[in-house]
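All remarks here apply to the structure that follows.
For reference, chains read A, B, C, D, E and F in written order, and residue numbers begin at 1 within each chain.
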Amino acid sequence: MDKVLMSHGGGGSMMQSFISEIFIEKFNNEYLSQMEDAALLPGKTVFTTDSFVVKPIFFSGGDIGRLAICGTVNDISMRGAKPLFLSASFIIEEGFPIDDIKRIVDSMVDAANEAGVQIVTGDTKVVEKHSADGIFINTAGIGILHDEASVSIKNGKPGDAVIISGTIGDHGMAVMGDREGLDFEPPLLSDVSPLNKMVEKLMTLKDAVKILRDPTRGGVAEVLYEIASMSNVGIKIYEDKLPVKESVKSACSMLGIDYLHLANEGKLVCVVDKDYAYKALEIMKDDKYGKDAAIIGEIDDSGLVTIETIYGTNRIVDRPIGELLPRIC
Amino acid sequence: MDKVLMSHGGGGSMMQSFISEIFIEKFNNEYLSQMEDAALLPGKTVFTTDSFVVKPIFFSGGDIGRLAICGTVNDISMRGAKPLFLSASFIIEEGFPIDDIKRIVDSMVDAANEAGVQIVTGDTKVVEKHSADGIFINTAGIGILHDEASVSIKNGKPGDAVIISGTIGDHGMAVMGDREGLDFEPPLLSDVSPLNKMVEKLMTLKDAVKILRDPTRGGVAEVLYEIASMSNVGIKIYEDKLPVKESVKSACSMLGIDYLHLANEGKLVCVVDKDYAYKALEIMKDDKYGKDAAIIGEIDDSGLVTIETIYGTNRIVDRPIGELLPRIC
Amino acid sequence: MQGIINRAKELIDRYNTGEFIKIMEVCGSHTMAISKYGLRQILPPNIKLISGPGCPVCVTAQNEIDASISLASQGVTIATFGDLVRVPGNDSSLQEERAKGKDVRVFYSPLDALDYAMANPSKEVVFIGIGFETTIPSVAMTIKEAYTRKIKNYSVYCLHKTMPKALEALVVNGSDIQGFLLPGHVSAITGSSIYGFLVDKYKIGGVVSGFEATDILMSVVMILKNLKDPKIEIQYKRVVKEGGNTEAQRLMDEIFEESDAEWRGLGMIEGSGLKIREKYSEYDAEKKFNIKKPNSRTEIKGCRCGDVLKGLITPKQCPLFGKACTPLNPVGPCMVSSEGSCAAYYKYGE
Amino acid sequence: MQGIINRAKELIDRYNTGEFIKIMEVCGSHTMAISKYGLRQILPPNIKLISGPGCPVCVTAQNEIDASISLASQGVTIATFGDLVRVPGNDSSLQEERAKGKDVRVFYSPLDALDYAMANPSKEVVFIGIGFETTIPSVAMTIKEAYTRKIKNYSVYCLHKTMPKALEALVVNGSDIQGFLLPGHVSAITGSSIYGFLVDKYKIGGVVSGFEATDILMSVVMILKNLKDPKIEIQYKRVVKEGGNTEAQRLMDEIFEESDAEWRGLGMIEGSGLKIREKYSEYDAEKKFNIKKPNSRTEIKGCRCGDVLKGLITPKQCPLFGKACTPLNPVGPCMVSSEGSCAAYYKYGE
Amino acid sequence: MCIAVAQKVLKIDGDVAETELNGLKRRVSISMVPDVKIGDYVMVHAGVAISIVDKETAEEDLKLWEEMEEALRESFKQN
Amino acid sequence: MCIAVAQKVLKIDGDVAETELNGLKRRVSISMVPDVKIGDYVMVHAGVAISIVDKETAEEDLKLWEEMEEALRESFKQN
């Protein structure tokens, strides 16, 4: 195939190989090949970027503006750093309602205030009708490493505990629910949130915190695979320990989707030295965004990402490939 | 009007007021309200962002990839800083040819190598067919202030010299020519180039260099207006001193466009203490991208941006409003 | 649950006699569930659950895929279920056509596709009707409704297949299958009596099973129990009645009539497909757009989907499995569909 | 050049007699050039160059703008020249319609619009035909070509206006204009003899002028020289012949016939417009789409475009000029079109 | 084959019912289960209810299993 | 009114000519200037040549101006 497919951006293995072949290899430098959520530059500066293209723009529990702030705040945080300054760049389709821009910007302001970051530089482009779908936002961000932080996707060692900071799949299912017209009661809201305060507290555990990763596109499954591959280890998780809302589970079974493939925008996966696992869990549970945190598994040396089912059997975790398609048969 | 128009992104006065009202006011902080091409952060760090949406993607003399690197390299440079690290974020329309991505990335690599910057973090999003027009690229960038640099759009004082680093309007007319099917002989090429090396040499003049600005969207005219307004001064330029290619002039007269409104992507406007004007000019002329540099005018206290015509008369420089439309009658 | 699982396991272990017992799960959702729950790990080594032709995406013939792809390139809107868009045709796939700008849309329900057609009267919407008896009535509903409401821009490319004749094709020339795990939701529509011929003509029994781990293990026990005296039983009684859903059967019969159908791997099977009845022919995309199935390669070089679908080999016995053929770069449809046997084996590491 | 300018200035200064002399430049491109070159600064205070109704965007009537806008909302592709898209109608503008998703396209040449129609046979392309005699032949060419090639999806909404009758309307009730700077490119088509009536009936002379600063100043000198003995002269001899371009006249006459036309500010002027002849009626968008001009406000509250176009006031005398009305937020069309008098005065700071 | 999920019927409006499962509400066609009543569980496939779940049987299932299990255990003992 | 710019005719191909001005080449319709020849200058408006520029006249222009200027200066002197 010589054309870009939706699956190339779906956050799964197809995207990984696309990015490695096209971008990492060509841009080729020590920072980029870290394959982290953010680059660690000289002077303990951390730098990251993300573009946001979510549809719908206003979704249950958030909007593209809040997402654009939280996404970049979180990517900086996942490097063990404190986010400080963000840029904001808008690509707007001709005809987009100015009131919607104001609403999005208000929501960016709120999220930035909550996270304690400032938007210090920006850009606006308007493109012709039908040359974009409403609005796309890019944020890049700068942060500074926390003291003694030593967080890297390569740090996993057998025995380390794997912790998730809360329920899985809320964002992905909230957005898919909006698109597919699913109606949740109580409403299923995206978890989109800034995690920098939680990370700040976690980093008091210093290098006991080995890996931080926000399971966005590709979900928890993809993050586990990336950890296994970059740390050259295996991971075992336990189905009965995974925090998932019943309504999300039901929607997944209905649409034929694995909740481990659903995006999260206010959750982090944390690999911790096992002696600090409960301490880390406690810190997370104390945080506003961590009350459903759970230890879900551990690093092993299998080289595989496996799950023990509720039946006590073991299987490989399905790795997402590309586009999430509702399955019917 | 409650909808975004093309003119809101055209780089003229409509964009200025749109940005001030919607973004600057709401995001409101000391860095953003500097209204500079890049924000100067604590620690002499300079930070900027731009999204690139040029059509056609491959144009005479360059492509969106080279543009995305040079644009951000230049915005950092215009703050008197040395660009070091860039991010690159891609929004790609489903179906976009992978070979074209490779070609664009190659061109980014070349431009980055030329400028001596590294692309250290990135992002890729794929959107559905017809949800974007081919490819959009955002780059953000980090740089570090040159020693004793004191460059700001607010620094202009009556008597200062205004210098342009080369011929005016090449990029804008090259791109418009591609769209309108104009055929130039010799070919009219975009000037898209990294200006950081030139700025590095200019900065040996330290605070004698008062303002640097790259006249991109909105062209030289818009930059002059922004200088006049932010420095609270007037500017007088001389038609007979403006370096403009004859072919660009001819195309402008044919399409009813003012070349002072055309975008440049490898030029800078520099305001220098008049005692250093010839020194600065010499430095520019010595640079690969500055051989056509010229002193084009001076700051005055009129509060107006005026031009002395070749007939010795004076008039106000037309400020661009929004979209550049070929005029016929 | 764990309790029942353990008790079932204990019972099944009693059949660990060394005698090789081959049970085929016909249904793709069973294949998925078995893999997902890791149930094969619970069975003793002599009891093999093998997968059958029960993934509708997988059994769709190559030339039907190619015909759908070429229909997409004619400017109509293709409405389809998710997995189908990824199936490689001779030189393209529906997702590649979409990337080229063709209008290919994924729907969760055929009813949504009809709604879409009604909301977009300037588009010609063709639903690619794949699926067995579970899905067929809902597609029939759309045709009935389009007919009643005189909707002119909706039609169905009918590639539906039905279960009984395909099962017969698997055993008609002899087979070592000793029991069938029969599809739960197909049977909710058809009832269980359609499987009677398996016992009567071929002396092979089967159990209509639900989809929970407990359902499947219970069904396996039931099959094992009856090995000597084969019967058709229903484990999934809470959902499946012997007579099935008569309302759904009536509707299917009103819209469709029996026809021959080509199955990937199994070839042409008489009476194993459906076509749209003459009365509803204006909703038959095949007639409306004069679709001719192209002369496609019938087999993909090296791909042993056919043998996998017939239960002759397990996916791992295909030389391409996990090497040239992975979910990322699927060679055959059994690797494309998430219900496909090869995909299920690969994804869940069996 | 500077030399000739100085010599012209010196000559013009001789007419600085205290006697007030009002010369109207009819053509928008002259207005632009005069502003851009700063030529008014060269004239002595008693010699006033005032602008006339020569910007085709500016004189297009409000209801014609509104009819074009409502045509856009009917799903046809509107093809037009650049400035027109910004002109505010009663509650929208073509650029706002485009932002709402209507298909509004800017072309440099009517020939490009026809090419676009030919390349997009599924679109209905309507060219908004504005402009005077300079532009009319090129629009006529497209209709002729569409007719010859039997192109069915192209038509013209004919809003063209012609010069002579409008000039007459300005002076018929008396006027203090003492000379006209006559349009160079209109005259390249029409020739200069069409202006004879100005001298014959109204004793006002004029000079057909080119567009360089030297051309304009030379023309002013020529007008001044003949004040006592008014004549129609051609300064722009290198381009304009007394008889004009007969080929172009023939083509215009083949496609169009005279009709009445409404001018913004000047009102309805008999015989000052064109309509498409019956033979080519299938290319007449007014007929094809049954366009009815709406009952628009004829004047925009406070806007004195009408008086500006008649040369009764200069833009600066309009109370809205530079305050409520700027190129960023234009109130009237004279501020929208970059050739409009108000825009030219504002932009070039006069 | 073919995914179907049990859902509880909350409301009926002609051929369409509102169903619920763990807080997830959907509108499904019930034209193929004409006897359905509010409070019933239906198996839903692709937006269409394909059968009513027999609640008594669901409870009996376990009992049946236990009976069969018992019988089997007995028979194994005898062997 | 109406922008038009002089361009030199480089090639003629039926009703269309290739023209040039300071290196800017364009294809313009010449169907309204049937007498045009290669090397001529034409005034082009909206892609259509509307007249041939009379080169001799262009050179004469200056002479005519000078004559007129002279005459005027004389007449002013006399006053």
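Basically, contacts are C-beta pairs under 8 Å (C-beta built on N, C-alpha and C of every residue); 3 or more make two chains touch, one makes a residue touch a chain.
All figures in this text were calculated on a predicted structure; none of them were measured in a lab.
K.L.:
Once the contact rule is applied, which chains count as partners of both chain A and chain C?
P.N.:
A chain counts here if it touches both chain A and chain C, which gives B, E.
K.L.:
Please give the intersection of the contact partners of chain A with those of chain E.
P.N.:
The shared contacts of chain A and chain E, listed by label, come to C.
K.L.:
Would you kindly say which chain has the C-alpha centre located farthest from the C-alpha centre of chain C?
P.N.:
With centres defined by C-alpha atoms, farthest from chain C sits F.
K.L.:
Please identify which chain has its centre, taken as the mean of its CA atoms, farthest from the centre of chain A.
P.N.:
Computed centres place F farthest from chain A.
K.L.:
Between chain B and chain D, what is the gap in Å from one C-alpha centre to the other?
P.N.:
35
K.L.:
Could you grab the centroid distance between chain E and chain F? Build each centroid from C-alpha atoms only and quote it in angstrom.
P.N.:
88
K.L.:
Express in whole angstrom the distance between the two chain centres, defined as the mean CA positions of chain D and chain F.
P.N.:
21
K.L.:
Compute the distance, rounded to whole Å, between the mean C-alpha positions of chain A and chain D.
P.N.:
Between these chains, centre-to-centre, one finds 59 Å.
K.L.:
Would you pick out the residues of chain F that each touch at least 2 other chains?
P.N.:
In chain F, residues 1-3, 45-46 touch at least two other chains, as defined above.
K.L.:
Where in chain C do residues touch two or more of the other chains?
P.N.:
Chain C, residues with two or more chain partners: 28-29, 55-56, 98-100, 108-109, 131-132, 134-135, 339.
K.L.:
Provide the list of chain B residues touching at least two other chains, using ranges where the numbers run on.
P.N.:
Where chain B meets two or more other chains at a single residue, that happens at 1, 3-7, 94-95, 130, 256, 327-329.
K.L.:
All pairs of touching chains?
P.N.:
Per the contact definition above, the touching pairs are A-B, A-C, A-D, A-E, B-C, B-D, B-F, C-E, D-F.
K.L.:
Within the complex, which stretch of chain A touches chain B?
P.N.:
Against chain B, the touching part of chain A is residues 1-10, 15, 18-19, 22-23, 26-27, 29, 31-32, 38-39, 41, 43, 45, 47-53, 55, 84-85, 87-99, 101-102, 105-106, 108-109, 112, 118-128, 130-133, 136, 138, 140, 142.
K.L.:
Note which residues of chain F are touching chain D in the complex, please.
P.N.:
It comes out as residues 1-4, 29, 31-34, 43, 45-48, 50-51, 53-55, 57-58, 60-61, 64-65, 68-69, 72-73, 76.
K.L.:
Across the complex, what residues on chain C touch chain E?
P.N.:
Result: residues 4, 7, 11, 14, 26-30, 54-56, 108-112, 131-132, 134-135, 137-138, 141, 183, 185-186, 188-189, 218, 221-222, 225, 237-241, 245, 247-248, 251, 339 of chain C touch chain E.
K.L.:
Flag every residue of chain C that touches chain B in the complex, lowest number first.
P.N.:
Counting only chain C, the residues touching chain B are 98-101.
K.L.:
Name, in rising order, each residue of chain B that touches chain C in their complex.
P.N.:
By the definition above, chain B touches chain C via 94-95, 129-130.
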